[in-house]
Structures are given as C-alpha cells and as structure tokens.
Amino acid sequence: MTTLTLGEIAARFGLELRGDAATEIRGVATLAEAGPGQLGFLANPRYRAQLASTRAGAIVLRAGDADAFRGAALVAPDPYVAFARIATVYERMPAAAPGAHASAVVADGARVAASASIGPHCVVDAEAEIGEGAILGAHCIIGRGCVVGAQSRLVARVTLVQDVRLGKRVLIHPGAVIGADGFGIAFAKDHWEKVPQLGGVVVGDDCEIGANTTIDRGALGDTVLEEDVRLDNQIQIAHNVFVGAHTAMAGCAAVAGSARIGRYCLIGGAAGILGHLEVADRVTVTAMSLVTHSLREPGEYSSGTPIQENRQWRRNAARFKHLDDFVRRIDAARREPES
Amino acid sequence: MTTLTLGEIAARFGLELRGDAATEIRGVATLAEAGPGQLGFLANPRYRAQLASTRAGAIVLRAGDADAFRGAALVAPDPYVAFARIATVYERMPAAAPGAHASAVVADGARVAASASIGPHCVVDAEAEIGEGAILGAHCIIGRGCVVGAQSRLVARVTLVQDVRLGKRVLIHPGAVIGADGFGIAFAKDHWEKVPQLGGVVVGDDCEIGANTTIDRGALGDTVLEEDVRLDNQIQIAHNVFVGAHTAMAGCAAVAGSARIGRYCLIGGAAGILGHLEVADRVTVTAMSLVTHSLREPGEYSSGTPIQENRQWRRNAARFKHLDDFVRRIDAARREPES
Amino acid sequence: MTTLTLGEIAARFGLELRGDAATEIRGVATLAEAGPGQLGFLANPRYRAQLASTRAGAIVLRAGDADAFRGAALVAPDPYVAFARIATVYERMPAAAPGAHASAVVADGARVAASASIGPHCVVDAEAEIGEGAILGAHCIIGRGCVVGAQSRLVARVTLVQDVRLGKRVLIHPGAVIGADGFGIAFAKDHWEKVPQLGGVVVGDDCEIGANTTIDRGALGDTVLEEDVRLDNQIQIAHNVFVGAHTAMAGCAAVAGSARIGRYCLIGGAAGILGHLEVADRVTVTAMSLVTHSLREPGEYSSGTPIQENRQWRRNAARFKHLDDFVRRIDAARREPES
C-alpha cells in the first residue's frame, strides 16, 4: 500500500498546500466516502455542500473553494486533473514480467521486444511486431502486419486482426476488435458480393479504446485515429473513418464509413455519424443524436425529442406524423381567412 | 432424453391436471409446432386460436382457456411461468466435471473450490476466488480481486477484469466484459489525461448478463447490480452505475456513469440513460428512448417519433426544424389578428 | 505480390479493354491514391472530377465515363461489382494449413473434415462438426451441436455456443457470439425466472457476420438467417428472429425477438425493429430509425428528427412536448373564431 504525506504530494504535483504537511495519505475516495488518511476532491460545484461533512484527510479543490474549507487542502487550478494525477500514485498496476507465457503461441519471425510481456494464451503472428515495454494481457491475438507500439497495453482478449499499427502508450480494453474487414458489399443483380478489404488501421499515440469496441480496417487506404483519441466501450468505427486528435466518444457511438471527424470533438453516447460526412474541429454531438449532414462549424448539435410520460408522448408523436399537413393547413387558412 | 408423465409434471409443479395422467411428455414446443409427446403452452391471448389446431400432447394454460380446450391440459394461474419451470426438465445442461482443464492457467494462490469446473484455456489470477459448484466455460479470464460466487456459470469467453465480485447463481454469456476501466478522462488544457479507475463491480445473486455486454468498474467506489438484475446482450453499464434488484434491460441499452436506477424497472432495447440521473422504482422506458432528466415517479416514458414512409417523414422532419418559429408566428398572429 | 496484365484482367472478368493490354497491374487503390501499376475505379459520380488528375495505371468505369477518359480503362456495366471481383486477385488471404494446431482442444468425437484448419487455442466440442475446407482462426469455440459448413471461415475468436448450424462459405468476424441464450424471462410475482432457451440458430450459405455481433438461439424453434444475409459489426439479433435472404444490416442495428424480416431489405445503422413484427421484402429502414409496427409494403421508412444546432433544437424540442395541446388549441380557435 502506498503512503505519501500531503507535503510530498504537494511538491510532486506542484500544488499549494494548506494544512499539515506531515498528514499521511494512503488512498483516494469521493468526498462522501473518504475518511482520514484518504484524499478527496471537489471539482463539480454541485458537491460543494459535502465540504461541510466530509471526513477526508485532505481535499483537492480550487482556491475559491479552499477559502470556505477549514480542513487540509491542496489547491489546484483544475482539481479534477490534479486528482487524476495524484490517483495514479495509488493505482495498483498488474505485474507483467518480460517475456512470453508458456501457453502463448508466438510464431517464429514475430519481432518481440525483450522488455515486452505476452500473457497466457496470446497468439502472435509471424509478421507482427511488439514494441519495448508493451504488455499483452491474456488471450490477445496479434495478426499479420500488426504493430503494437512501445509501452502500449492490451488489457486482455484484444484482437488486432490485420494491418493494425498502434502508436505508443495505447491502451485497449478487453473484447475490442481492431482491423476486422469493413462492411463492403456490392449488389450484383440479385445477390451481394464481398468487396475485399485491403487497408489497415492506424492508431496514434496515447489513444484509449474501450471494451468491445470495433474499428474496421480500410477498404483501400487506412482507417485512422490520430493521437490522444479516447473511445469508450462498444463504439463502432467503420472502414476509412478518420478521427482527429483529442476527440472523445462516449459508449455505443457509431461512425459510418469514410466519415471524417475533426479534432477536439465530443461525441455523446450512442450518437451516430453517417458515412462520407465531415465534422469540423471542436464539434459536440449530444447523446443519441444522428448526424445526417456535414457539420462545418464548431458548436453543439442535437437531434431527437425529449422524454415524456408515455401517454403524453403518444399524443405528441401522433401529431408529428401529420405536422407538415397541419402547417400547410394553417398557413393556407391564414392566407385565405375564413369569411 | 427425459420423459415424464403428465401426472408427474402436475405433481412436481403443483398444477391442476385435466386429462390422462399417464400421457408421456418428452419435450416442449410452441403450440404451432408441438406434436404428440410434446407440451405446449398458451400465455399470450393472441395465440388462442391455435388451440383448435394444435397437435400437442398437452397444453399449459389458464383455467379460463382450459374450459374451451378439449385436449389434455395443465392448468396454471401463470402459464408462462409454469412452462418456464417445466421446460427446465427438458433442458440439457453442459457437462462440467469438477477441476481445471489441462489447458487452463490457474495461478498459484487462486482459491478454487473443489467442486468448481474450469474449462479449456481459462486464465485465473492468483488473487481470484471461484466458489463451490461454479462453472467456467472455455476461455474465461478471471482477473485480480475477482470472486465467482457459488453455482455461478460463465458460459464461455467471459472476462472479469479486476475487482469483480459475483454473487451466487449468476449467469454470464460469452463476450461479456465486467470490470474494465470506466471512461474517466480529464481535459488538461490541450489533451486528455486518464483518471485512474480504482473501484470494482458488485453483482448480486441470480443476475443474468448477456453476450458482449460490458459493465465497467467504478472510478472510486463500486458499480452495483443488486440481485436478480437481468441484462440482455450488448448492454453498456458505465462506472458507478447502480441498478436496483429485479430490473430488466433489453438488448443494446446503455447507462452512463453514476446513474442510479431503481428496482423492478424495465428498460427497453437500445434505450439510453444519461449520467448522474435517478430513475425511480417501477419505471418503464420504451425502446430507443433517451432519459435526459431524472424520472422520479413510476410509469412509462418515451421519446422519439413514429416511423413513417420516408418521403412523408422528411416533410414532417423539415417542419420540426422550424417548429418553435411556427408556434411563435401563429401565437403572435392570434394576438394581433390580421386586419 | 500478384501481377496481371490489363488484358488478362479483361479476359478473366469479361470486361471491355480500352488501352494497352500489356500494362501490368500490381494492385488496386482509390482514384485519388492509385499510381502507375495500380487499378482504380469510378462508380460514384461525385468522384468523376478525379478522372482528370488520377495517376492510376487503369480505371474500371462505365462506358459513359470511359468516353471522357483518355487513359487505359476497363469498361463495366457495374464498375463497383467488377472492381470488387478484380480486387480479390490482390487480396492476400491468411495461410491455413489443414489440421488442428497443437494448442487447440478438439474433443474426441468431434467430426472434423481432413481439409479443415483449426487454429491456436480453439475449442471444439465432441458433438460438433467442421466441414471440408473450413477455417477456424485462433480462439474459436465451437460448442455442442454446432456445425461449420464447408469453406466457411471464422476469422478468429468466434463463439458458436450451442446448436448453431452454419451453411457453406459463411464468413464470421472476431468477437461474434452465435447461439447464446435468448433473453427469456418470466415474471413470477416478485422476481424473474429464466425461461430455458432450447432452440438453435440456422445460418444460410454465403452469409457474413460482423465483429462483436450477437445472434441468440431460439427459445423453442430456431433463429434463422437465410442465405446471403450480410450483417455488419455489433448487430443484435434476438431469439427466433427470421431474416430473409440477401438482406443487409449496417452496424449496431438491433432486432427484437420473433421479428420476421423479408428478403432484400436494407436496415440502416443503429436502426431497431421491435419484437413479433413483420417487415416485407425490399424494405429500407434508415439509420437509427425504430420500427414499432409491421411494415407490409416495400419502401423506405424513417423516424427521428433532423440534427440542429443545440440551442435551436432545444426550442423545437420544447414545442414538441406540447405539440398535441398546440394543435388542439389552434383547431379549437379556428372552429370558434375570436370575435
């Protein structure tokens, strides 16, 4: 168990300390649950009232909030970021010894760095490459032409199907499938024919990819995630999509083929983006919205209707079905007033 | 192949028998497909007409329906529940010998009950615990700090990443990932930093979790499913979500971080619930609806618009884009009538 | 690396050649990226302008477009289909030696064709059958009562849980789970009871199933995909669904239990179809639409609202909440004009 004093934390993370520098901190917790010896944080103003009752050994907060707090505090301009960094001290990372587990199947010819760790039952293709310090948890499959960059971690059961090149420090959670064939089919009179998928996937440095997320390889050319793209669970990225640096997507979002998404975008949960569209930098799409045309200006975009009690919703939804008729009727009546 | 007489079935499940107690039943089927020797059931009134033509050896039905039926019958107050119980007799469960398959990798230190069964290529961490009678099908991964409760069954290829504690008789289908990191990221001026995810997942007794469903571990504190929660396939449960007992969710539903869902709720397929909201007990959310504010009263809730032929829908959707303007214009005109 | 002359390609695929038959083609690429020695194609008119600047060694295009192009060309009535076929020449398929990898666990009793290939860490049940020329990539699980038809390919990490019968030439991508229990639960006063799922899944010849897609087995009777059904990634097909031949579904679509979908349908990404509905042949459902009643006529169907800048959307959405009241109020006013 890691223990640091408040003074050590303040020094290491460059924070202003208010209170006893010798106070020992053995872990982190929420304001509501933290006890003595634990560090809490206040970032969201709506939890400010909890300052009065918290039992935390110390709190990370903004200067303005610190003035109203009588306990020990670490003052930070952005308490959430400061807390995130401090919490890494108390995170227990899995041990990962260099070398391949006896049950792993590493083909002759695979280039595996000496410091890389390959877990139980992993399968590594002859034409794959695993970088220095990379960690493959149990059951990962690294297919032909795939590269796992240095210090990347595939937590467990990650499949890189073919021609997937990961940058450095990429983190991928279990069940993710990167580099499967894109959905390319051509209709030939009365049946479908498969369009061979010949491209790859390029994932930039510091990307994170969630559990059971899928990213298909390009049909021709690559599917691309620039650096620091953050994908939650169960996201679908189709072939030849481009996602700009620092864009984050919440769970279950889906992006259709050849869409091009800018940098610093925020894509809400279960939102959809149709194929071949362009989304500008710094666009926010709210949850479960469907982007059906290119969004060329930064801003926040939405579709859908508000949730309502079902009976009321049904009445409104029934009117929506005839909305155009209604508007036409009213407009016509206003042009030709009833005599 | 199991064979029971109608009399044996009536006695074992406490049902009223009408007909020949010696009739042998060798399986179960739908009303439309059942033949002699098979048991059918009538629960949904819209299949009542099939009573006249069914060839089933006997039918499970309500007293009211039994009066109109001339064949052998088992009378039950709730025929669907009675049928579900009877059908278990004819279910062929996979054989699961106690002990670990030779290809499994069970770390020294793992506490595995003598009666537990560990399938081919499973991986069990040194700090994991497998309870009495638990069954792990092929390719399961049980990570550090995880507990599989007694009589639980992980069908195959289930991943418990870290700090996941399953109750008793929990059933999990292939591809499910429980205990992966939640989606915690903090924006630091021009890039994202990962917020360490330090909590776990607690799953109550008798829960069922569908194929490729993901349940993230808490950031601080746990993600919780109380007992008898039923999750279909491809559901996403984010970090620190709380799901009350007996709540059921249909496929592809998604719940964002720290949402708190009550007991006996029914969440429709592909419905979404935003983060930090509260949903009361006994709330129904219809399919593909998005819950954007707390629902504090029991009842049924919906969002969206009805499906229509595309050309008609386009016209109505175009009007929706200007609905506020239209209402304002009409209201203004009514206040100042055209002269 | 494969190399063919334009003349060889024209002859093999029955295309009209314009230009030098001896030109060597070593690969395929997009119009924008193709260089000499590569074949491009023009199918979508909006890329026609690229004809002027392309450096491709030759282009597959329609006769009408060929007249305006001065370089070498292969003329096809459907350039996309022709290109798909030609591209297979340049596709490098994974090597798959007949026989089972040493790490695979193939139970005694399993019927495995001599020409079938079983990859590392696969698990094949005693009551399973693998047909001639079938290929199982790494980590596939073939459960009891499952049949993999001749020439089918399970790319990697595919799970056939129970009673799944695949036709010939079926292609399944990683993470797919076929034949897991359907979501059958019966409410018994104060808790759920599981309804045993006793049916199977039947998948016709030439189907393709995407990464992390789930198809549940029937409760009683089978879930059915007819031949040439094409499913993208992360699709959910519930128990007892029927999907007609040649129907294609884009990523994240979901179909609830016992729905019956016709032939030659196109189901858009993240679209939903409720249970027990019927969808006629040749129905198109646009992305993220929800089918809540049977669609008995061919055609295109949609639901939802257009995406808008969030502030404008909020105003319109607020009006939707009171749409019925508004219509009633206006209609009443028109019946009783203000005096």
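Odds and ends about this structure:
We call the chains A, B and C, going by the order they appear; numbering starts again at 1 in every chain.
The working rule: a contact is a pair of C-beta atoms (placed from the backbone, for glycine too) under 8 Å apart; a residue touches a chain by one contact, two chains touch by 3 or more.
Note that the structure is a prediction, hence the values are computed from the model and not measured.
Chains compared, chain A against chain C: the Cα-based superposition rotates one onto the other by 120 degrees, nearest 5. Chain B and chain C touch with mostly distinct residues; of the residue numbers seen at this interface, under half occur in both copies. Between the CA-based centres of chain B and chain C the separation comes to 25 Å, rounded to the whole angstrom.
Along chain A, residues 103, 121, 139, 157, 175, 212, 234, 252, 270, 288, 304-306, 308, 318, 320, 323, 330 each make contact with two or more other chains.
Residues 28-30, 33, 78, 80-81, 83-85, 87-88, 90-91, 94, 101, 103, 119-121, 137-139, 155-157, 171, 173-175, 206, 208, 210-212, 228, 230, 232-234, 246, 248, 250-252, 269-270, 287-288, 304-311, 313-314, 317-318, 320-324, 327, 330, 334, 337 of chain C are the ones that touch chain A when the two sit in their complex. Of all residues in chain B, only 103, 105, 121, 123, 139, 141, 143-144, 157, 159, 161-162, 175, 177, 180-181, 183-188, 190-196, 198, 212, 214, 216, 220-221, 234, 236, 238, 252, 254, 256, 270, 272, 274, 284-286, 288-293, 295, 299-306, 308, 312, 315-316, 318-320, 323, 326, 330, 333, 338 touch chain A in the complex they form.
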